Amino acid sequence: MPGNSFGQSFRITTAGESHGPGNVVIIDGVPSGIPLSVDDLRPDLARRRPGQSHIVTQRDEADEPEILSGVFEGRTTGTSLAILIRNTDQRSKDYSDIKDVYRPGHADYTFDAKYGFRDYRGGGRSSARETTARVAAGAVAKKFLSIAVGARIVGYVVQVGDIRAEINDPAAVTLEQVETLPNGSPNIVRCPDPAAAARMVSLIEQVRKEGDSIGGAAEIVATGVPAGLGEPVFDKIKADLAKALFSLPAVLGVEYGIGFGCAEMRGSAHNDLFMRGPDAGDGSPTIRTHTNRHGGMLGGITTGMPIVLRAAVKPTSSLPIPQETVTRNAEPATIRTKGRHDPCLLPRFIPMAEAMVAIVVADHLLRWQGQRSAI
Amino acid sequence: MPGNSFGQSFRITTAGESHGPGNVVIIDGVPSGIPLSVDDLRPDLARRRPGQSHIVTQRDEADEPEILSGVFEGRTTGTSLAILIRNTDQRSKDYSDIKDVYRPGHADYTFDAKYGFRDYRGGGRSSARETTARVAAGAVAKKFLSIAVGARIVGYVVQVGDIRAEINDPAAVTLEQVETLPNGSPNIVRCPDPAAAARMVSLIEQVRKEGDSIGGAAEIVATGVPAGLGEPVFDKIKADLAKALFSLPAVLGVEYGIGFGCAEMRGSAHNDLFMRGPDAGDGSPTIRTHTNRHGGMLGGITTGMPIVLRAAVKPTSSLPIPQETVTRNAEPATIRTKGRHDPCLLPRFIPMAEAMVAIVVADHLLRWQGQRSAI
Amino acid sequence: MPGNSFGQSFRITTAGESHGPGNVVIIDGVPSGIPLSVDDLRPDLARRRPGQSHIVTQRDEADEPEILSGVFEGRTTGTSLAILIRNTDQRSKDYSDIKDVYRPGHADYTFDAKYGFRDYRGGGRSSARETTARVAAGAVAKKFLSIAVGARIVGYVVQVGDIRAEINDPAAVTLEQVETLPNGSPNIVRCPDPAAAARMVSLIEQVRKEGDSIGGAAEIVATGVPAGLGEPVFDKIKADLAKALFSLPAVLGVEYGIGFGCAEMRGSAHNDLFMRGPDAGDGSPTIRTHTNRHGGMLGGITTGMPIVLRAAVKPTSSLPIPQETVTRNAEPATIRTKGRHDPCLLPRFIPMAEAMVAIVVADHLLRWQGQRSAI
Amino acid sequence: MPGNSFGQSFRITTAGESHGPGNVVIIDGVPSGIPLSVDDLRPDLARRRPGQSHIVTQRDEADEPEILSGVFEGRTTGTSLAILIRNTDQRSKDYSDIKDVYRPGHADYTFDAKYGFRDYRGGGRSSARETTARVAAGAVAKKFLSIAVGARIVGYVVQVGDIRAEINDPAAVTLEQVETLPNGSPNIVRCPDPAAAARMVSLIEQVRKEGDSIGGAAEIVATGVPAGLGEPVFDKIKADLAKALFSLPAVLGVEYGIGFGCAEMRGSAHNDLFMRGPDAGDGSPTIRTHTNRHGGMLGGITTGMPIVLRAAVKPTSSLPIPQETVTRNAEPATIRTKGRHDPCLLPRFIPMAEAMVAIVVADHLLRWQGQRSAI
């Protein structure tokens, strides 16, 4: 089976390239009766949009979504929901000189190895432009999660180069903090630690001036997710979340909770101990853990504690400085990428990562509800 | 859809619990004509087997596989292949006192939240005992990969606690080095750096004496994998490999190539530059990269360079020392796990991780061969 | 993806051949908490069992099931449930002479075309012996349906050769009528019209004496299925039911409701008109149709009226009389099948067909419950 | 999993309603390198188009397709291919009076039972308008099959009411005969028996005048399909073909080869005997059967003989004459459908059925090629 679908009960299928007519997503499994309009899709598309600030690519796309199906009189019908986002600023002439030369760090060579030929305009299907479809679908997932169980997904930048943010409580970070600085101006780097954010912006400006790019890391937090989501063996929710984040371009590492830090720890220091939590609305007790090194998941199933994930994102591979490479025939060549690229992928990565996390949580919520109600 | 299947074209479905009659795997998609017998399955099952050395759990299981179907006259038939591994040393009395108390770090609470009740004998389906079925399937995948394209999967321990191995060239590590020390004795910790291996064994012995456990990390390398495997969007091979490793118990982080190290790097230092490689057998040139920070995958598709993955594994949650917790009714309780547990999961994690990587590579090889031969 | 799994939310995966160690099924998606033991599996396996009467094959198999996983303290755990039925009477010597000769009407030639070689012992994977695994899974599905919504699946023979049963009300036929004649003796042909049943038995005895075989047709009825099951486009429940029945060996046709008879009808005579039905338990009205030419499904979704399906089953292809054929090398040959075969497949087809219908209805019930509870 | 996808290796996912912006299909798995443009899609869309003759619905739709992705420089890229067909003649005012009344024979009641509410404009997602997306995808499948193995799919009408066509050799019927009468005028009923075609047209004209509708049957033939396609157990190609045809609106029965006629036959008369066929291009012999009662499939796998399927299609449920029914609240009501409807579905059913057969054969061809090339 080819790889353009994701999810089981909340399932997205996408199509589209960087320089074709547009990107489309079909979402299958959206429950009926959810209020939905393009206004629900626009905010996250705007957060992902190129040209949103001076530290991202200056390609100019409106990224205006059209709902093609699945909504009637303002509510979802339960049948498949399709969204189209047309490409407008395609300028494919920028890419003609890479037709026969492999850009380092890109999928040019691997697409040729796989398909025998490729759409060389801006990476075609391998371009991060395909994530517009994911972000639109993620907005639908977020709406569903919010209405169904009050869950909320927030992502933010925790590292750019060697600058690291200090985040005391991941579960307390708000969308407001991610999008707006305390002084009211836009938080263009999406780091909720204002001091770190300022230094990150400076670093990105500097690498851009030098014709270079810089990597970083993001943290994504899901709160309000009920205990019991996830499957016990292969479809552990941690496994599906990891796949979701690794399916995004440029991600080289994913961890949750204490993550790679667990390798140095002893069990006695690592285990999160259970405790009685606040009473549920119906008078019954809840169960919590004192700490959250387990990142909200045990045995691949949610515990009700916040889900906390981190992803490492490599520096943009496209560089305006010359790099050595080869042609399709393995002849030596030099390449300077002339397109409009992000000096750092992280600010625009945030809505993409949130979308994928929202889609996985929505999917497992639906799967769980089916099982739970069975008898 | 429930979560007991993995893979598309090479697809495994498993069943079985820690203390039930046994574990079974059905492998669907094994090509016909591959020589196969239980002798192909025994070595990896022995590497995973409890009781194999003094630094692992002393539960005594023969782990003898029975092939129930799919092999005729010593060759695979192409139809579904089932393997059964019976449990023999079940001693379920060890577990009766955890019936109503949640073990920290385990899936007891989450299984109750999901299913409403649980098989409390040794974790039931959440026990790592289910990985016997995966390891048997992985041995079939390895055999297929070896015959079809000469690919090879080798895993080894790179970290236990704060002890880190020095591995100069991951692609050069051999199964021999992982299993046997230079002096000919068994490499019970499966670290191919002999000096580090000795210190790791000492550390594991020490934590066991203290009634504690210790975490660590493993590296898994796939060599001989052709360029072109993987799907461009959601089923990137990096995403499927990450899901495969995260689906294993106790894994809190996965990275490939330079991994989380990419966050600090600039693009100019990070990109692996393409070069002409050695001529292929047919006189045509091959394409390689000078370095392998990309861990053998670009755009989610293999480049032909070695695939290099790392996984962080938490310290065993079961501890013989008392830990605070709660009962099903959220009443305070204290628990001391009396079962037989690994003080460090890493030595037995290696064949599990190799199996999952082999299954993913086999799956994508079959998917790719179907697409490639289409026209 | 290979083809040894069926269903989405209630999903079965099978393995096994006619003359291997046994047949196994893994059922994924059985809700937790259902009382289940081998006693629930034995009755349908006995109805399918060879050697059950003088008008079926005399191969002697106990068909004793073993539950390998998924049941704890007499209840399903919600995790994958595996059942093994070992083969005991294999006598593979019966089949050695068909190693290189293609039996007419069998899958010998097509397996060779597909796989390059085949397990020639009794058809291997193409033998109807694989349906033991389906029947065991079907018994689990029936138990779930009965407990969850009180639904019931009954099948029976409506035609053998030119003998047709008269069934006034398919929804009124009971398992008792199918299994037992009014005089208390076993209804070995499973036709609830006693007069027709007697003539069917005579016809089957006659064709067996003549070294021949005879075709027939079965009707399967599901009652108590709630309205609303099925998906609107490709996974219409009528489509999944048809696939389920066509996946059984020897089925050449499937219809539901008025079936092929619709081709001659006008819309004004064909439409089933809606009416108010009896009040539901909660005082709200129900909706029914006056007639049931639609066989319980409209737009691929159940209406709450009885689901009525028919399947045409070809005469057994294995014949003890000589038939002309070719060898693997296309050389002319003559074959006389010496194995033990059913002169008519219908009596043993009934539990297989019921099982497949039960699995589809269980699957769609679970899918629907997930969607319904979402908001 | 919801039900808007079909196929495994050649997989289509659709969205769209009768009166929304349009219908879209994403095809995943189209091999790279196939020449493709909208000109390949237009002919079958025109054969399905409303308003094509006086015996079909007079709704006026251009059904002009737009390829949104997956084609570059005139060839398929191997990545997901999306096609959009916008609705233009929506006139949703025609449907406002059926908002609360259930049309007999339609999915109004079942959609309400399933989703809790519905898009009442022309059936919404349950309208046959969704088949535009299938027909577009089918045209892609046909192009692939033609290029890859020279296979050809042709469907035609064999019955309207009690008028039956005489077809001597299904495999010899040409698209030309289906589309054009011997006198050169369009064969608007798509029956290749000209005498029967004339009577069918008269009958359809008559029932339309009477405010009624009429059922019928279609035959679909696939020639040039290699032996070896199909999976041995659940995904028998006969099962997938049946599901494909039953997934179309109004289909109440499907059979292949001798079909329901097998129920009356003896094995000695039913079996198709194997014979040596013409030599293959490489000098090796082929294997054929003398007769084709098996309809090109044995054991669920193709034999290389023509695949011959028949489907029964009910009379259109929408009638301009008054019919009794109930409202959503089960109150008695009378309905007269005022929309523009086909008096007989068969002429426009042909391209839909061909499309579904082409999609299944393409899917199994890709699955088989993957398995075949594995070693």
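In this document, chain identifiers A, B, C and D correspond to the written order of the chains, with residue numbering beginning at 1 in each.
In this text, a contact is a pair of C-beta atoms (placed from the backbone, for glycine too) under 8 Å apart; a residue touches a chain by one contact, two chains touch by 3 or more.
Since the structure is predicted, the reported quantities are computational estimates derived from the model, not experimental observations.
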If you average the Cα atoms per chain, which one ends up farthest from chain A?
-> C
Cα centre of chain C to Cα centre of chain D, whole Å, reads 26
Chain B and chain D have mean C-alpha positions lying a whole-number Å distance apart equal to 46
What are the residue numbers in chain A that touch two or more other chains?
-> 1-5, 8-9, 14, 29, 32-33, 78-80, 114, 125, 232-233, 367, 371
Touch graph across the chains, line, ring, star, complete or other?
-> complete
Which chain B residues qualify as touching chain A in the complex?
-> 1-6, 8-9, 14, 102, 104-107, 109-111, 113-114, 125-126, 130, 159-162, 207, 212-217, 226-236, 238-244, 246-247, 249, 251-268, 270-277, 285-287, 289, 294-295, 297-304, 312-319, 321, 323-326, 329-332, 367-368, 371
Okay, in this complex, where on chain B does chain C touch?
-> 1-5, 8-9, 11, 13-17, 20-24, 26, 28-29, 32-33, 66-70, 72, 75, 77-82, 84, 114-119, 121, 124-125
For chain D, which residues are in contact with chain B within the complex?
-> 1, 9, 29, 31-34, 78-80, 144, 147-148, 232-233, 365-367, 369-375
